[in-house]
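Here come two complexes built around chain A, the first alongside chain B, the second alongside chain C.
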Partner chain A sequence: MEEVKALGIDVGSTTVKLTAVDAQGKLIWHHLEGADPRVEDQVDHFFNLMREHGFDGKELPMVATGYGRNLVEQAEKKVTEITCHATGVYNQLGHGGTLVDIGGQDSKVIIIGENSQVVDFAMNDKCAAGTGRFLENTAGRLRVPLDRMGVEALSAAEEVAISSTCTVFAESEIISMIAHGVEVNPILKGLHRSLILRIVAMIRSVGLVPPLMLSGGVVKNPAIREMITQELGEQVTMPEYPQLMGAYGAALIALKNSNRA
Partner chain B sequence: MSVSATLKYMVNVNIIGKTALGWQRRRAEHSTFSSSKWRTDILSEPLRIGARTKELISLHYLAGRYANGHRPVAWVTSGGPVEILQALGYYVLYPENHGALCGARRAVVDISTEAENAGYSRDICSYARTDIGSVLSGKTPVGKLPKPDLLLACTNICQTVLHWYRVLADHFNVPLILIDTPFVYDEAPDHAIKFVRRQLEDSIPVSEQVAGKTLEYKKLQEVLQLSKDATELWLEIMGRGKQHPAPLSVFDQFIHMAPIVEMRGLKTTVDFYSQLLKELDERISKGIGALKKERKRLLWDNLPIWYRLRYLSEYLAERGIAVVASTYTNAWGELAPLINVDKPLDSMARTYLYPILNKGTKYKLNTMRRMVEDFDLNGVILHSDRSCKPYSIGQVDQRNRLIKEYNIPALLLEADHDDPRAYAEEQVASRLAAFMEMLED
Partner chain C sequence: MELPAIPNRIETITAFKQNSGMIAAVLPIHYPRSLFRAFDVLPVEVWGPPGTDVSHGGAHLQPYVCSIVHNALSFLKKGGLDLADFIAVPHTCDSLQGFGSILLDFVKPKQSIFPLYLPRGNRPEDLRFLTEEFRQLYRHLSGLTGKKPSEEILLRCIRREEKADDLLRQLYEKRQKVSLSNYSFYHLVRTREYLPAETFISIAEKVLSRKGFDNPKGTAIILSGIVPEPMEVLTTITELGAAVVADDLACCGRRLYASGKSEQPFRRMAERILNAPPDPTRGNSLEERKQYLLRLADQTDARGVVFYDVKFCEPELFDLPRLRAKLKAAGLPSVQIEIDLNDPLSNQIVTRIGAFLEILG
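Moving on to the complex of A and B:
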């Protein structure tokens, strides 16, 4: 493995991601696991892991991002997910445009300028409508494994409209549909549509600047990609590790800062 | 009016209250500043006028407590034409100001719940809910509010007030004067001015009858002059924010704006703002800013978030962000030139037609743009206030146009001016932090 020069950690609401970059800013190592409410313990455990992989994280510059960023004491700097995602994706894909990041509890639309700078952004409302949590909760109700949701939804020929964008109300809407004998897959498709329409509204509120890029754990779901394209008539591009872009961007910022110092 | 009420008022307000509060203020003015709570590492010492602000507001509510039976009492909307009532000697209470005070003291959830339990929806403006909740339960952080003998609602800020004051009229069984102000897109047409003037004229006999005295034209002119003087001073005070560093922040403005809203037309208000202006000029001559280190300057749109004023002011100050101007506080000053003492009713009709909330969204966009230029600002925070629909409507477009057409960074922040249940601190903090990073680029 090339020499690790900087680290980025993204403490999200559902998962925590750690990335390591070399002197050129190449992503050379990463680790991802479910979020532990005791962030400090989890970070300690990450440092042990790095030692097992042959490098001492404590000696390296590190930037933290995500909701729990302020709890990562070892990080020399805390930067928001907006800036980190923009930096990460720009470096991976090599261009600006409109980045849509759908996370567990937050969705964001970020307009990235020609020099990787954030030009504008929008985030979902105060509630979890329009985020991964919306699908996660409702999928649980339907007893469909998360990683199958997208495929199942796309396989449906029919689609039923889910009128509630509220995660909790959507659940009761689903229950009543099932009670009325509606099939699972058309409901799934409707759920995806509901989520996508929220996201599309957010994109429209800032104004789409092509190309359209996606990041975040939820975009691994093929239905999300396909339906966004359908709604906006724009092809989407994705980095290799959509889920790691926040942590990757954080590592790049740490690297840049250490070069500057 | 009763003799015993007058006696009580004289003793409690004019003798005990004035003496005690005056003494408290003088003591505060003469002691050197020290507070473990004030972030002196990032903020300059608070303005000395603060002691006087506290005195004025306390005295105002104290007078209210003893007003019934001694003076006629009117409850008025914040944009209401108050000069006729002042000239007739009314004690004037602004439920919206009281609501702001409840917000700052974190009493809104408790009081508003009283209204919600009585069936008022949480979608109604939190000022209205707080007021109705307070009326129904008697709860208020100021001790006791006087009952109104007269109500005056002016629709130049929103339509909520119309329904809200009808509820009050029904509850207290007192006359309601309604001043209906047609919406103004560019210039108010003559017929609109005539229409409002006519309503003002019609309001006089009702106000006189309740007060039990006749309006003196000269007195009205006097009050109007004082109103104009205070408003002009307030405008000048806000203009001092153009200095680098700005000697006062909008958070200071939010705190010291109470007199311009609820004590317009009084001599004390004019004196108060002259003193504040003097203090700011002293600060400017010494190069003292509201922030110890001012790096970026912003504009605030919409009402304040009363229950998180301190948090927001510190959060931004820590990052060197001075919020130096706002469309909201500006609204209490920008109409000063319209007040004309020689034509009281005509000029009042015009003045009360022109508040920012009674004008098109284009006007607000232009105001923001002009302020960004005049105050040399780096961006705008638009508080999308769940309660105040007329202020928040159009903000999405305004924000986009600021960014796209004028290259002014702008952030939409969702909250509520009074109800903390519609506010999520984590989300607000992450949006603000991202916006700050964007400004650094």
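Moving on to the complex of A and C:
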């Protein structure tokens, strides 16, 4: 493995991601696991992992991002997920545009300028509507594995309208549909549509600047990609590791800061 | 630097009543303080208050009414306004207009209710209307208190409020030099919501006479919206590396009333309110608001505006998309935050403000 020069950690609400970059800013190592409420313990465990992989993280510049960023004492700087995602995606894809990041418990739309700077952004409100949690909750109710949801939804010829964007209300709506004998896949398709319409409203609130880019764990779901394209009439592009872009951006900022020092 | 000792709302109300004064609980935003004081009535403003159990008033209000009105009604119903002798409800917006009607028609509190109609413009007929509205309020207060303060007393009270407002303006002008944190500055400024003018004057004079002022550190921003609650947001802004160098808040900067000109007291009170900085609840146009914010930014070197609004605030939110677009086109970036008075400062809000400051660089 090339020599690690900087680290980025994204302490999200559902997962924690750590990335390592070399002197050129290439992503050379990463680790992802479910979020532990004891953030400090989890970070210690990450440092042990790094040692096992042959490098000492404590000696390296590190930037933290994500909702738990302020709990990462070892990080020399804390930067918001907005700036980190923009930095990460810009470096991976090489251009600006509109980035839609759909995470487990929050989603955001970021307009990235020609020099990777954030021009504007919108974030979902504090509820789970418009986030991965919306699908996760309802998937549980329908007994469909999360990683099959998108494929199943796309396979449905019919689609039922889910009027609720609220996770809790959507769940009751689904229960009543099942009770009325509605098939699972059309419900799934309607659920994806409901989430996408929420995201599209957020995109419109800041104004779409093509090209459209996607990141976040949820965009691995093919129905999300296809429906966003349908709604906006824009093709989407994705980085190789959509879930790591916050942590990768953080590592790039740490690298840049250390070069400047 | 610390603030001088400042009495809180309850201490102020108790002391005022002990001197045989009366209390008017006043809802936001504009009203003539001096008119109440001429009757020995202290106006104490009710901006919610934050963190109220809203179950007491919830049955009377739609869920899409803002938390200022929800909280005020619940606060009243559970006895929070019992110390007040009167309740004044300016017709600031549909929500407060509804609040006034609910009090008059259904809740019927023991206190007398004064609705206060405000014109939506600054034309000669608006001035005539508001002058007449204040005469009407005078008659109302006179009937309830049995007092008939003379024109001379009215003018004396107006001049005292004008002095307090002039000191308030000086605090704003010197805020970049006054070594008070964002939090302490707004703690001081917001005492205008309940302190008698004379108490505010003595505190403001002490602060303004201090020597050895520092310049503020961090990215300069303007705070716009209704009310900076929870006040902790001001400390967070400091921690994120920014300084609030000016504001366009309904409870603060939009009430930097200049002195009136007329020697006729009711007209002078009306002039003061109508000539206040632009405010959507008084019908100012988007262009006036834009120009005002750009001028503020120019005068204070502010790099951006944080619109910090109460959720469901119709006068604010109606203007906001177009106002923000106009400011953006003029080179002044902004971010929009929506709050509920009963929620703690959320991580999302901190991230939004933090990300906006990162954009400003």
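We take it that the second predicted complex is superposed on the first by the 261 of 261 C-alpha atoms of A that agree within 3 Å, B and C clash if a C-alpha of one lies under 4 Å from a C-alpha of the other, contacts with A are read in each partner's own complex, and residues count from 1 in each chain.
In the analysis below, contacts are C-beta pairs under 8 Å (C-beta built on N, C-alpha and C of every residue); 3 or more make two chains touch, one makes a residue touch a chain.
Everything numeric here is computed off the predicted structure, so don't read it as measured data.
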Overlay on chain A: chain C relative to chain B, clash or fit: clash
Touching partner for A:Val206 - first (chain B), second (chain C), both, neither: first
Touched partner set for A:Leu255, first chain B, second chain C, both or neither: neither
Partner chain in contact with A:Ile174 - chain B first, chain C second, else both or neither: neither
First (chain B), second (chain C), both or neither touched by A:Met123: both
A:Thr80 touches, of chain B and chain C: first, second, both or neither? both
Partner chain(s) touched by A:Leu244 [first = chain B, second = chain C, both, neither]: neither
Per-residue contact with chain A, leading partner among chain C and chain B: B
Overlap of the chain B and chain C footprints on chain A, listed as residue numbers: 67, 79-83, 106, 117-121, 123, 125-126
Residues of chain C touching chain A in the complex: 333, 338, 343, 346-348, 351-352, 354-355, 358-359
In the complex with chain A, residue positions of chain B that touch it: 396, 400, 403-404, 409, 412, 414, 422-424, 426-427, 430-431, 433-434, 437-438, 441
Chain C-facing residues of chain A, complex: 67, 79-83, 106, 117-121, 123, 125-126
Touch list for chain A against partner chain B, complex: 67, 79-83, 106, 117-123, 125-126, 205-207
